[in-house]
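You will see two complexes here that share subunit A, one where it goes with subunit B and one where it goes with subunit C.
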Partner chain A sequence: MTKSSIMFIVVLGFLLILTFFPIAILLLLSLNETSTLPLRNFPTLKWYIELLRFPAAINAVKYSLMVASVTTGAAVIFGICGGYALARTNFAGKKIFTGLLLMPMVTPYIIMGFSLMSFLLKMGVNPSLIVIIIGHILITIPYTTLVLTSRFIALDISLEEAAMDLGAGKFTTFRKVTLPLIMPGVAVAAILAFIISWEDVALAVFLAGTEQTAPVYIYSLLMKLPKFVPILTAMSSIILSFAIGLAFLMRMIERISA
Partner chain B sequence: MSIKKSFRNFFTAQTNSRLKDLLLVLPTYLWIIIVFFIPVFSVLILSFAELSPVTRTVVNFPVLSNYAKLFIRTDYARLLLRTFFIAVTVTASSVLFAYVVAYFIAFRVLKNKYTVLFLFQAPYFATYMLILLAWRLMLGSTGVINSLLLYFGLISEPIKLLGYNLFSVWLVLTATWFPWLILPIFVSLEKIDRVLLEASDDLGASPITTFLKVTFPLSLPGVFVAVLFVFIPTMGEFIAPAVVGGRTGILFGNLIYDFFLKGFRWDVAAAFTVYLLIITFIAVFLLYRRIGFRKLMESL
Partner chain C sequence: MKIDVELKNVTKKFGDVVAVSDVSFQVEKGQFFSLLGPSGCGKTTILRMISGFEKPTEGEILIEGEPMADVPPFKRPTNLVFQSLALFPHLNVYENIAFGLKIKKIPENEIKARVKEMLDLVRLPGYEKRKISQLSGGEKQRIAIVRALVNKPTVLLLDEPLGPLDLKLREEMIVELKRIKREVGTTFIYVTHDQGEALTMSDKIAVMKAGKIMQIGSPIEIYEQPNSEFVANFIGGTNVFKGRYENGAVEVDNLGKITVTPECQLSKGSVLVSIKPEKIFIGRKLNALDNIFAGEVKEAYYQGRVVTYRVLLENGSSISVVAPSPGMEGIFGIGEKVKIGWNKKDSKLIT
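Right after this comes the complex of A and B.
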């Protein structure tokens, strides 16, 4: 092993610790009497029992899953249509469309959050879960469309031509040939959209009403009632269990689609 | 039947299909226009209005007073400068970290490259807010890191730098951003033809020269994508500063968010949002020209 390899491994190890250490600490503290070290009365389930008295925390996770699921469904459909159009057709104004599509991707969330919510409030629409979904669809469309465009480009067009030569119509070809073939790409796009929605806090704090998604709930409790932080550490392990499940699912799908 | 007529038939058929294909992207068009453009445009108009603090209605239009606020109150201007400074430093440090990891995975890891890549991204399923919460507990004068160091007697009083301050904002943003930037850099490093590196080596270049003259210039597109990905959100960041910034760590975004919460200051918030938008435009303009649509697509 060369000197530079050892150096690389040290740096990599440090960066991995930087990434995983915070989460480990969170789990550790959720089983501790206080939300700092050294350990006191460890391990205790006190905060998990306390958590049961905060139904809003559990609901927040539920709302997060709901918002992310609906967002994913919509963004994937937008992405399939847009991706197909970008890769396979020469529709009018393609250049303008790609420019427009990238806008939400390169705009800070705070600009979109403030613009959308101040506009909707003026129109008489109040913040709610539906407004969060509307915002999340906006920020996920560019990602699903880009991922699916590259999948459509990579797909061998002769398969579709063969289906059409054999007498299948445009729609049948799409449904029976194209769609099954890009299913792995659809899955990657779906997971990307899900994560973006699931982890967003900056846009959602503008758009959330009384029903808050999990990140917004954590943020507002942390800012307004810091003494409830131990509850949040207990809540975080619920989120983490979902996260681990999601991570495994994503890895599996990536493997299959690679 | 003239050639002219059949040509016209052909032409209209093509235009028709081009318009029909437009239907596929129509939903996306509408969504982006209604949810993005119209609201941003309304903010642009709002930024020239003066709202009454009591009735929240427009009392004066058009005025430039909202824009002037940035220069009248020096602390606002200073906040914008500080935000720019933080965005530049966070960009530099997180791109550097991401580059090291991407380089290692691309050139030194021989098996399971994608598993190592994935390892760094896994924490993101845990949500950004949760990681921020963790950092909030780790930093601070009574936080995990300081109390651990005190406990082992390594320090006699809490390290101030690890409290809630601007340094912590930089640290946390760097730590949370760099994993996202590994992929675009990795993609452009993976694409480099290894023969070029061997050629450089054969011609007597040292590893460092090879890196500086061959590898690094060829990986620049990925670096630009990474810069775009981190710089823009950091300019508008307001969650991390609120969580770990304490009194000295707040950024320009916090100002906008505060003005938004106080309904009657929407006019100022709008003007400040426009300032942010202009900075974003300049950054995108400078970077996107060097990236292009295709590169961006490949980096996801």
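Right after this comes the complex of A and C.
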């Protein structure tokens, strides 16, 4: 190993510590008697049990699950259609279209959330869970489309032709050959969309009405009532563990299907 | 004789590029018909037009007398064995072969029987549960062929299916394909760039170049009586000389007089003469041959069964000779003085 690569790894290692140390502390504290170090009576599920006594918190998690599920379903369907179209057809302005489609990936969510909220309010639509879902579909479509486009491109077109040659119409070909073969891509796209929706606060904070998703709930409580911190560490830990679990599942699918 | 497939003045353009240009031919029922040509000559495009994946720009394709213009691929009585084989990786051997039958809603019992019959045909009994990824190259070829054949197509189309196989396996598969063809009797249209495959298996060969058919005929006709320098060369390298015909002989610059067979005497004036390298004898002394020239061995390639020589003749022409190895006089070395010669019946005139 050269000197420069050792240096590089040391720097990266330091950055990794910076990333994971605070998160590790958060997880530790969620299992601690008090909301600060040192550890006391560790580990305890005290705050997790406490959390169950807050119906608003439990509802927020429920809302988040609902928003993320609906978002995922819609974003995956759009992603399959969009990915197929982008991979298999050529049309004038395809590059510009693709560019526009991917725009939300580089647009700050806070700007998207603010402008979407202003627009919808003008149209007479009030913030609600449905509005959050619309917002989340908009920001997840680029990811699902991107993942699925590359899957469709990698899929040997002669497999679809073979199905048609053997008597399958377009729909049967899609159902029996195309879809099963891009399934790993569909799973990855779905998990990606779910995680993005599950973790989003910047967009949802503008679009949420009375029903708040979990990250919005945590954010608003943190602003108002610092004494709830220990419960929030427990809630954050749940959200984080769930997202990490999904990310791990995604890696597994990618590895198996590779 | 019943005609299974007919192309009438078929042209295919992709934008400005003419892939197939005014091609017409007929394939009789039960025939093994090969489209032979270098890559990019349009042979695969013809196959894709017959199977329905491409539409002719002009002209008409008929299968069993029916025009195919408005018939989509999934309704044509053809099945295609793809160059990439295109076996479904998510299905096992049984599900692959049964794919077409299931779509036609054939009862499960009959499907089972027909899949078994097909696996027996290609000598892979008991392979039903195997995954595609567990098969060897040759096994994949066989499964791809029967996945198409099980549907009892009027015409089986094969797009260079032996391409990726190594030489030994290729030779085995050629024998195998001939046997399958004999047992099922279906009409085969076979696309290849390998003249050896085409000559071995076909009843009829269409030699193609740049979107056009150069010659159609039996393997013997194509090999022995090529109608152009391209066909003569493509079907197995040959010696072509340009000359002027006069009184049963052709005067070739830098070579001299070559005697030709009387039947060739119809041609007049400027002609091309083709002499196949394996029809030429080589030796220190030669006699009783119609055309004999002296020269020097410039190159010698030992190829096991035969030796290929490049001989520079005294009058400046160079000629290639394929001789048995070792010949009566052994193998000639580079620089050796030799005589080469052939009979006048082997001097073929190309118009």
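Note that in this section the second predicted complex is superposed on the first by the 218 of 258 C-alpha atoms of A that agree within 3 Å, B and C clash if a C-alpha of one lies under 4 Å from a C-alpha of the other, contacts with A are read in each partner's own complex, and residues count from 1 in each chain.
Operating definition for what follows: a residue touches a chain if its C-beta (ideal position, glycine included) is under 8 Å from a C-beta of that chain, and two chains touch if they have at least 3 such contacts.
Being a predicted model, the structure only gives us computed values, none of them experimental.
Contact with subunit C, but none with subunit B, is seen for A:L181 once the two complexes are overlaid on the shared chain.
Contacts of A:I137 after superposition: subunit B is touched, whereas subunit C is not reached. Applying the stated contact rule after C-alpha superposition, one finds that A:F91 touches subunit B and leaves subunit C untouched.
Of the two partner chains placed by superposition, A:L51 touches none, neither subunit B nor subunit C. Judged by the touch definition given at the top, the superposed model places A:A163 against subunit C, while subunit B stays out of reach.
In the superposed three-chain model, the partner touching more residues of subunit A is B, compared with the other of subunit B and subunit C. When the two complexes are overlaid on their common chain A, residue A:A234 makes contact with neither subunit B nor subunit C. Common to the subunit B and subunit C interfaces on subunit A is no residue. The residues of subunit A lying in touch with subunit C in their complex are 156, 158-159, 161-169, 172, 176-177, 180-181.
On the side of subunit C, the complex with subunit A involves touching residues 51, 53, 72-75, 78-80, 82-84, 86-90, 99-100, 103-104, 147-148, 151. Per the touch definition, subunit A reaches subunit B in the complex via residues 5, 8, 11-12, 15-16, 18-23, 25-26, 29, 35-38, 78, 81-82, 84-86, 89-93, 97-98, 100-104, 106-112, 114-120, 122, 134-135, 137-138, 141, 143, 145-147, 149-150, 192, 195, 198-202, 205-206, 214-215, 218-219, 222-223, 229, 232-233, 236, 239-240, 242-244, 246-247, 250-251, 254, 258. Looking at the complex, you find that subunit B touches subunit A at residues 15, 17-19, 21-22, 24-25, 27-29, 31-33, 35-36, 38-40, 42-43, 46, 97, 100-101, 104, 108, 114-115, 118-120, 122-131, 133-138, 142-144, 147-148, 151, 175, 178-179, 228, 232-233, 235-239, 242-243, 253, 256-257, 260, 266, 269-270, 273, 276-277, 280, 284, 288, 293, 296-298, 300.
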